[in-house]
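Each of the next two complexes has subunit A plus one other chain: subunit B in the first, subunit C in the second.
And then the complex of A and B:
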């Protein structure tokens, strides 16, 4: 469905994507996870033909997306930069969207429009940030594009609307399966939605695995520093917190049950690491933590 | 499973054109406002006047025509042409189905429609001006001078006016496209055009004079139409090429 090979994108000297490769399969929900400026938005804009890659190969529905009408007709990018004409009302925007997207479901659009109590005569520019996101989400869902992309869709939404959004997305996805990509910082909130997770860091793919595997990707070990040190050797750690001679260490889970039993007997507590934490540990910078900034002043 | 949809370029351009007629309605309005202002100026002051007199008699001749209205319309369409290439206008299309070619073609269709509509209202404004003059108190004697009095002149004059207006919008669109590619041209283009016409405009036979003669001294309507249509086509063609690689929503 989507294939990227060594895709690079540079903007005036800064590299947003650095030889990124990935494949996304049809009718799956993929979460795109990464820190700010990791290149998430750039990737999504390349996939929908808004911008053009500097080098590498991009294929969406086996076609190059830039300037391709077929890709444009079958995909939609929902983000907070959607620029709607301000001279026409929200209701007219829904009608116009229906003119362009052939799978458009006006009934669903109007039901959502009504549920979130939008004023038909309101103007998009006059909406608050969260309301804009909500309206854009309605366009994204009702357009029923085979490739539907949400880039930070929940910007500004309150918790209630966010939950409604995830539920609406899931229900509509089950009723009308399609390929969905969501980039977001709230992985913990959408864990139950996602089937795959693509983690990118500094413009490069870091991890692309099923959600179930991500949940078991790492384990947390808590115990005496000396014991942990001896047991782990020089195995790379994802994160480490120490307090006197005790430590909490998260490592990639390459152990079998027997090994884990052994370590438990040595007084080490073994705990799962949530998918959200795994992503956080994987994508954090090498500069230590925020605490280091405030040290030595 | 979601089924794929196929759309043709023609269908997309038509959809975008209909969308623009609705959403860019403000452009029509701004041109009509300009025309009303021009009608006001012309009715009150005329476009030219001459007068003479002796001891016992004096006369004052004032000329009225729709020229000022047409000129205002041309300037307005030139500005609209530029405006259509600016970021907010380009991005409006990209929330729906589009590519750069369909966007440019629908913009062109829209600008041509505005040109025809406002060209017709500009031509009709002549009658409005006459009517206003008739009711103004200082009116004394009105003579229709070289107004169009045959069908050929009415239609020919109409076509010529609309073509001039359409050419202005096409030129604006091209200038706007150039500026989108290189922002520095915002200063360079006016400087070159004004500077060049100041330096060379006064001297006969130079490029500016030739351009002027090419467009404004053609007496044969057919030949004139061909010249103008070619100019319009070249402007839009160049703009399509220039904007075809332009990225959108690139912060």
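And then the complex of A and C:
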């Protein structure tokens, strides 16, 4: 459905994507995770044909997306930069969206519009940040595009609306399967919806695995520093916190049950590491931690 | 309900929930169970995750598949579930028991004696 091979995008000397490769299957929900400036938005814009890659191969619906009408008609990118005409009302915007998207479900759009208490004659520009996100989400859901992409969809939404959004997305996906990509900083609030997670760092794919595997990707070990050191050897550490001779260390989980039993016998506490934490540890910079900023004064 | 942030993977929780429904008789032998889509909607999870839970039960022969119709409770489902839980739960408890005894520096014989005593007592109560 989507295939990227060594895709690079540079903007005036800045590299936004650096030989990124990935494949996304039809009718799955993928979470795109990365820090600010990791290249998430650039990737999503290339997939929907809004900008052109500098080099590499991109295929969406077996077509090169840039300036492609078929890709345009069958995909939607929902983000906070969506621009709508301010000369017409929100209600008219919904009607116009129906002319653009062949699968548009006006009934769903109006039900959501009503549920979230929008005024039919309000103007898009006059909405607050969170309300704009909510309205854009309605457009994204009701368009029922075979490729539906949400870039940071919950910006400004309150907790109740965020919850409703994820639930609405899941229900509509079950009834009308399509390929969905959601980028977000908040993996924890949407992880139950995802089938796959694509983690990118500095324009390059870092990890692309099923959500369930990400949850078991790492384990946390807590115990005497000396014991942990001896047991782990020089295995790369995802994160480490120490307090006198005690330490908490998160590492990639390459151990079998027997090994974990052994380490438990030595008084080490073994705990799971949440998917959100795994992503945070994997994508943090090489500059040490925030503490170092203060220490070096 | 499910514990979305818990230690147990969601698909295993789905499998366990389904096992409980079979044990308490909500789903009878040869009855059709919920589809992955119904489960996804019920528990607010991705249908693929629900499917993974159902697949696990098929592999353990707790469910069987009728092509195009869905998954059904196999005749031996209850027995298989109970046997599995016996071996898993009991082994887990014993591991914890031995570990705790070690930390308290209880000798092997002392621990075995404690177990025997407990067994005797419970048997005595039953009679």
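One rule holds for everything that comes next: the second predicted complex is superposed on the first by the 296 of 297 C-alpha atoms of A that agree within 3 Å, B and C clash if a C-alpha of one lies under 4 Å from a C-alpha of the other, contacts with A are read in each partner's own complex, and residues count from 1 in each chain.
Throughout what follows, a contact is a pair of C-beta atoms (placed from the backbone, for glycine too) under 8 Å apart; a residue touches a chain by one contact, two chains touch by 3 or more.
As the structure is a computational prediction, the values presented were derived from the model and not from experiment.
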Superposed partners subunit B and subunit C on subunit A - clash or fit: fit
Touched partner set for A:284, first subunit B, second subunit C, both or neither: neither
Partner chain in contact with A:265 - subunit B first, subunit C second, else both or neither: second
Which superposed partner A:216 touches (first subunit B, second subunit C, both, neither): second
Computed vertex angle (subunit A) for partners subunit B and subunit C, CA, steps of 10°: 150
Touching partner for A:224 - first (subunit B), second (subunit C), both, neither: neither
Subunit B versus subunit C as contact partner of A:252, first or second or both or neither: neither
Which superposed partner A:186 touches (first subunit B, second subunit C, both, neither): neither
Partner chain(s) touched by A:111 [first = subunit B, second = subunit C, both, neither]: neither
Residue contacts with subunit A in the superposition, subunit B compared against subunit C: B
Subunit B and subunit C, minimum CA distance [Å, superposed model]: 13
Interface residues, subunit C side, partner subunit A - complex: 4-5, 7, 9-11, 37, 40-41, 44-49, 52, 95, 99, 102-103
Residues on subunit A engaged by subunit B in the complex (per definition of touch): 11, 26-27, 45, 49-52, 61, 67-70, 72-74, 77, 79, 81-85, 87-88, 92, 96-97, 99-103, 139, 144-146, 176-178
Residues of subunit A defined as touching subunit C within the complex: 28-29, 166-167, 170-171, 174, 188, 191-195, 211-212, 215-216, 261, 264-265, 267, 271-272, 274
Subunit A partner contacts - residues on subunit B that touch it in the complex: 1-9, 12, 15, 18-19, 22-26, 88, 91-92, 94-102, 244-245, 247-251
